[in-house]
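For reference, the structures are reproduced in the following blocks.
Heads up, the next two complexes both have subunit A, just with different partners, subunit B and then subunit C.
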Partner chain A sequence: MPLVQEIDFGTPPSKAEKMVSLTIDGFAVSVPEGTSIMRAAMEAGVQVPKLCATDSVDAFGSCRLCLVEIQGRAGTPASCTTPVAPGLVVSTQTDRLKQLRRGVMELYISDHPLDCLTCAANGDCELQDMAGAVGLREVRYGYAGDNHLTAVKDESNPYFTFDPAKCIVCSRCVRACEEVQGTFALTIDGRGFASKVSAGMAEPFLESECVSCGACVQACPTATLIEKSVIESGQPEHSVVTTCAYCGVGCSFKAEMRGDELIRMVPYKDGKANHGHSCVKGRFAWGYATHRDRILKPMIREKITDPWREVSWEEAIGRAASEFRRIQETYGRSAIGGITSSRCTNEETFLVQKLVRAAFGNNNVDTCARVCHSPTGYGLKTTFGTSAGTQDFDSVDHTDVIMVVGANPTDGHPVFASRMKKRLREGAKLIVLDPRRIDLVRTPHVEATYHLPLRPGTNVAVLTAMAHVIVTEGLVDERFVRERCELDEFRDWAGFVAEERNSPEAVEKTSGVSAELIRAAARLYATGGNAAIYYGLGVTEHSQGTTAVMAIANLAMATGNIGRPGVGVNPLRGQNNVQGSCDMGSFPHEFSGYRHISDDATRALFESLWGVTLDGEPGLRIPNMLDAAVTGSFKGLYIQGEDIAQSDPDTHHVTAGLEAMECVVIQDLFLNETANFAHVFLPGSTFLEKDGTFTNAERRINLVRKVMAPRQGMADWEITIALSEALGFPMRYRHPSEIMDEIARSTPTFAGVSYEKLAAEGSVQWPCNDKAPTGTPVMHINGFVRGRGKFVITEYVPTDERTGPRFPLLLTTGRILSQYNVGAQTRRTENVVWHEEDRLEIHPHDAEQRGVRDGDWVSLASRAGATSLRAFITDRVAPGVVYTTFHHPMTQANVVTTEYSDWATNCPEYKVTAVQVMPSNGPTEWQEHYRELSEKTRRIAAPAEAAE
Partner chain B sequence: MARASIWRRSTMLPERLVYMANQIGKFFTHQGEEKAVAAISEHLALFWDPRMRSAIFAHLDAGGEGLDPLVRRAVERLKETAARH
Partner chain C sequence: MPSPSWSKERAEAIIEAHRRREGAALPILHALQEAFGYVPEDTVPLIAEALNLTRAEVHGIVTFYHDFRHAPPGRHVLKLCRAEACQSMGGDALAEAAQARLQAGWGETTGDGSLTLEPVYCLGLCACAPAAMLDGKPVGRLDAKRLAALVDGARR
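Let's turn to the complex of A and B:
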């Protein structure tokens, strides 16, 4: 298995449709107008020597190596910056060109170390390759003159080094940072011979604005910017294309290996979600896979106060199965359940829900999407007819107005955020609805036209007020509505939003956003051309999360922004497989493909496939499971890959529920917080250790490929099968592809999906079936899945979580670029250098009132509980609003969040908690107690002790 | 935190079930009485586990304190339907 090699065409492709014919080295070539001669040559199989050109960035024309001769034209133009023209006759190799190139290369090498044999890039160095390509045989200038060979290496970044002694100042890194990532952290400092690449204001990389996306490292043609893992372990020798296990963008990567050691993850240019870009997590933060905290042996214990005891797989699986059966015999069939994970593959989640429905004999299965995007499923299914976003990511290239609601793409979905920023730099307009001034509001060469800093909990009021403007100012796309939507419901809705109480002026006081701003934003959204809405958990994690999703859908339908590239409603999914875990039937009320369990025909289909009778009543949602545990009717839980004790709201309540259970089985990489309350631990495998598929936020099904054997011996899907077998319900699969075959047989939207097709196409977006054999990038093109679009009245109902004298501030929670969800993976990587603890963002005014200084410990208290953390004073949050992340278990931000949840789905209201912030001396008593509990419950008995 | 306060928040207990049902009711209220009663009833049937429905039926039998009028009607209707099957 060799390294997957990608062709570098030198310059990006032209999007022109008109073709141009020319001759290059005697070959007739036909390419789109606007293509560079360099690219045209490469497409014809002729590689023009180059250094400063690479096809991820625009041509620059600085290295002077790619010169060509064109018949009838004077000089030797750079092929990277010279576009093709009809009838050109181009020569890429002449005596004159050879001489020129050798001269250029001689100059480069005269200021470059000659340590090729010990250089980390040896074997993967374009400078070395080009020296060979141009036939460089001597450097006549010697090395005694001025040079940069003693320039100091910057090793501040945990993942890569910057060695200016090896830099040829080609600017590829600077341009990648600008054009691909959009951060503008790098520049060329100085002029002429003094020119040098500089991070920020000549700072170390770690202290600069650099976000460590890796684009510069990837673009570098020498060893100047290179991964530390390559320096330490050498060049990889084979690679496998797979899919990142962080976030809902679903980036494709080449896992580059040496033997069974992962050397580096390199973003895959043909990845249809990321097109060769990456972020700090996917690119670099994979070290958790081999972290010393990984649990590699199954463990059991009688009581959660006992130390863990390592046992065989047979004993652990047997214990879990016998306990589950005992509980069912004692308390009833519905006394146990399971939780699937959005971090696991489609195949694994499908198996867990199958296990629950077929082997447990009930529908008590839920997924972590319960606490993030369950309102998306309900809201979009109601309005459009399908529980998913409408577009592919590429759609943003056609967007004129981007409206971001309750999402922070540069932190949560950084690779797609770079696409957004690129489009914004090209001139698209931006509207942001968010209580915080997220980075997108103002970032280099991007500035939101309107930022609506609404008060947490008022999304529905503001979105409905925008609809008021659209309806009352005659901005409705009447033709679209007439042809595509339910007219009676539209009229009811239009009458409702037109009421004065829904006007921007009426909601100004509630939302804290000026009526003028709401009106301006609504006008821009309705009239600015192709308008697309991207939203996140700032929409869904509210008591009216589902209503807000519907309000967004209403806006899109009213303005005709559905059913073509550039528009649409796009939920930005948090974890890698949120979409997939929902698709796979992880909810207690529906089978795969979002079909309700009460539907007799669907149930009959699965009964026939699985050979069992299935229950037609909905099961318990996660919060209901915990409630039922506390009240005594729910006693056993199988959790695959989730950490509800850290991620779910109202920690005291979650842990009380877990403590009340008699058998909690955890399948995970690490002894997570939930494992503190577990009786059986089944060690899980990482995404590197198994085959499967993830489905990203654009409904794209990507292959996950095994690059190394499971370190603990079994892939997760195999563990679920073993458990099912022990429960007397054998599942017969030899490979995850067979699970996908069953999914395809039983799920109409996946009918055309197979591993063979995914391998051939690279990926496909569901629906993928006879009507759409290669998938569906944009949905609802000629009609909504439900037939006609349904407008829904979105009455604003204020949350019952109110501020008052005791709790005068509103807390909203979120995530940060370098960390992921509960941090189980990223905290076990070098990413902690950017975020070693959760901090509380507080406005200077609120901080001053309380005597809080930057970095002080503060207590954060709500009616649910209290924790302590350090303060970060910033005007990014509005007065009256505080913000924190939930990445660190010792902070446990969810001790503070409450039990309030979305009316339709019970998605928790993480985004609105009334709190008080006061100076404190350090961790609370509860935190200290929890630390002790964590240490105690994580004890693993020594073999001798275990044997006694 | 005392266990008692956690129990008060349990969705298996009447006051939480009443709160959740009323929350659902508020969304459908604008549809007019008959449609709203049907929609609330359907939502409870489609998404509530049987033990939750049983618990709110029991609460209804005990007087149904706290249920908003439309929600109360919806629960009554659901209970009647359940009794027929």
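Let's turn to the complex of A and C:
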């Protein structure tokens, strides 16, 4: 298994349709108009020497190595900046060119350390390759002249070093930072011989504007910018293409290995979601896989106050199974349930829900999508007929107006945000609806045309007011509505939104957004060309989350922005496989493919496939399981890869529920917060240690490939199989591909999916079946999945969570670039240098009123509970609004969030909590208590003690 | 000569006056140098913020042009032409003489703070080479003696 080598064509592809024919070194070649001679040569199989060109960035023409001769033209033009023309006769190798190239290389090498043998890039250095390619044999200039060999190395970034002594100033890093990542953190300082790459104002990388995405390291042709892991371990020798396990973008990576040691993760150019780009998490933050905190042995204990005892897999699985059966015998069949993980593969998720339905014999299965995008599933199914986004990511390249609602792509979905920013730099317009001034509102080279800083909890009012403007100002795409939507419902809806109480003027006071701004945004969305809505948890995690999703769908239908590239409704899904976990039947009321369990035909299908009788009544959702645990009717829970004690709202209630259970089985990489309340711990495997698939936010099914053996012995799907076997319901799969075959056999939207096809195509987007054998990038092209689009009336009902004298501020929560959700993984990497604690963002006005200074400890209290953290004073949040992240267990932001949830799906109202902020001296009593509990319940008995 | 002490308020006013122009970075940098005699490093983030650029980009612009100073100059500035025409008319010797007389290298200021010596590449005065510019005023047909008189006069 060699390293996967990707061809570098030197310059990006041309999108032109017209073809141009020419001759290069005697080979006839036809390429799209606008292609560079360099790229055309590579298409013909001829590699022109180059240093400053790479196909992720535009041609630059500075290294003077890629010179060619063209018959009938004077001089030796650079092949990277010279476009093809019909009938050109190009020579890439002549005596004159050889001389010129050698001369250029001599100049480069006269100011370059001659330490190839001890250089970290040895074997992976384009400068070295080019010295070989041009036949460099001597350097006539010598090495004694002025040089940069004593320039000082910058090792500030935890993941890569910058060694200017090795830099050839090709500007590839600068251009990658600008063109690929869109951060513009690098520049060339000075000019001429004094030119040097500079981060920020000649700052260390870590202190500059750099976001550590790795694009510069990827672009660097030498050892100037190189991963510290390569410096430490040496060059990799083989690689495996797999899928990142962080967010819902689903980037493809090459896991580059030496033996079974992961050397580095390199973004894969053929990855259809990321096209060779990455972010700091996927590219660098994989060290958790070998972190010392990782649990590698199964453990059990009688009571949660006991220390853990390491046991064999058989004993741990046996204990879980016998406890579950004992509980069912004592308290009834419905007294246990399971939670699938959006961090695990489709196949693993499918097995957990199968285990619950077939082996537990009930439908008490749910997933963390409950607490994030369940309203998306419900809302889009109701309006369009499919519980998923309508577009692929590439669609953004055709968008004229981007509307971002309650999402923060530059932190939450950074690789897609880079593509969005690229499109915005090309001239697309941007509308942002968010209580907070997220980066996209104004970030170098990007500025929103309109930012609607609405009060948390008023999405539905503002979206409906936008609809009011579209209907009353005659901006409806009547033809689309007539041809594609249900007309009676449309008329009812149009009448409803046109009512005066839904006008921007009427909702101005509730939402805090001026009527004029709402009107302007609505007009731009309706008339600005292809308009696409991208939204996140700021839409769904509300008491009216589902209503807001439907309000978004209404806007798209009313303006005809559905069914072609460049438009659509795009939920930015949070987790790597949250789309997949929903698709796989993780909800208590649905089988895979979103088929209701009361549907007799579907149930019969699975009954015959699995050889059991299935319950036709929906089971419990996560919050219902916890409620039932508190009241005493729910006693056992199997949780795969989810940390509900930290991630779910109203921590007091969650932990009370967990404490009341008799057997909590946790399957995870680490002793997470929920494990504090567990009786059986089954160590899980990382995404590097198993085969499977993840489905990203654009419905794209990507292969996850095993690059190393599971460190604790079993992949997660094998653990579920072992548990099922112990429960008396054997599952027979030798490989995850056989699980996918079962999914394909039983799920119409996945009918055409197989590992063979995924390997051949790279990935496919569901629906993938006979009608769409290679998948469906854009949905609802000629008609909605449900037939006609359905407009739904979106009455704004304010949340019951209101501010008052005791709790005068509104708290909203979110994420930050360097950390991922509850941080179980990213907190165990060097990413903590960017975010070592959660901070409370508070407006200067509110801070001053309370006597709070930047960095002070403050208490953050709601009617649900109180925590404390340090304040960060900023006008990113409006007066009256505070914001924090939920990455750190010692902050436990969810102690403060409440039990309120979406009316349709129970998705928690994380985004609105009435709070008070006051100066404090340090951690609250609860935090102290929790810290003690957490230390106590994480004890693992020494082997000797365990043997006694 | 302009006052070398800079203030954030004045810098912000200058940036504000030019920020809406197309290609505002260079006019702003010139105006700052005009006002303070140099481009204070602390103005770079202010310019970046105003023009929605990064600090890196503005730093790249400032350092690309040798004309932008990074420190306050002396009370007078002598720009001596180092380009080919002046070199052919004895410019090299003149440059050495100037450095020796002032005890200052290129871009440096005399010990008493009276004069800063800067190289310049062509003032368009090739017909009167070797040429220089003192506080913005061109002078031609220089020789060691005339140069000495010029700088001594200015420093007095």
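In the analysis below, the second predicted complex is superposed on the first by the 948 of 948 C-alpha atoms of A that agree within 3 Å, B and C clash if a C-alpha of one lies under 4 Å from a C-alpha of the other, contacts with A are read in each partner's own complex, and residues count from 1 in each chain.
Please note the rule applied: a residue touches a chain if its C-beta (ideal position, glycine included) is under 8 Å from a C-beta of that chain, and two chains touch if they have at least 3 such contacts.
As the structure is a prediction and not an experimental result, all values here were calculated from the model.
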Which of subunit B and subunit C A:Asp627 touches, first, second, both or neither: first
Contacts of A:Phe496 with subunit B and subunit C, given as first, second, both or neither: first
Subunit A residues touched - subunit C or subunit B, whichever exceeds: B
Contacts of A:Glu447 with subunit B and subunit C, given as first, second, both or neither: second
Partner chain in contact with A:Gly528 - subunit B first, subunit C second, else both or neither: neither
Subunit B versus subunit C as contact partner of A:Pro618, first or second or both or neither: first
Which superposed partner A:Ala904 touches (first subunit B, second subunit C, both, neither): first
Common ground on subunit A, meaning residues reached by subunit C in one complex and by subunit B in the other: none
Residues on subunit A engaged by subunit C in the complex (per definition of touch): 183-191, 198-203, 208-209, 442-447
Footprint of subunit A on subunit B - complex, ascending: 1, 3, 6-7, 9-13, 16, 20, 23-24, 26-27, 29-31, 43, 45-52
Touch list for subunit C against partner subunit A, complex: 41, 44-45, 48, 52-60, 63-64, 66
Subunit A residues touching subunit B - in the complex, by the definition given at the top: 334, 364, 496, 543, 546-547, 588-589, 596, 598, 617-621, 623-624, 627-628, 630-631, 633, 650, 652-653, 656, 793, 795, 797, 864-865, 899, 903-906
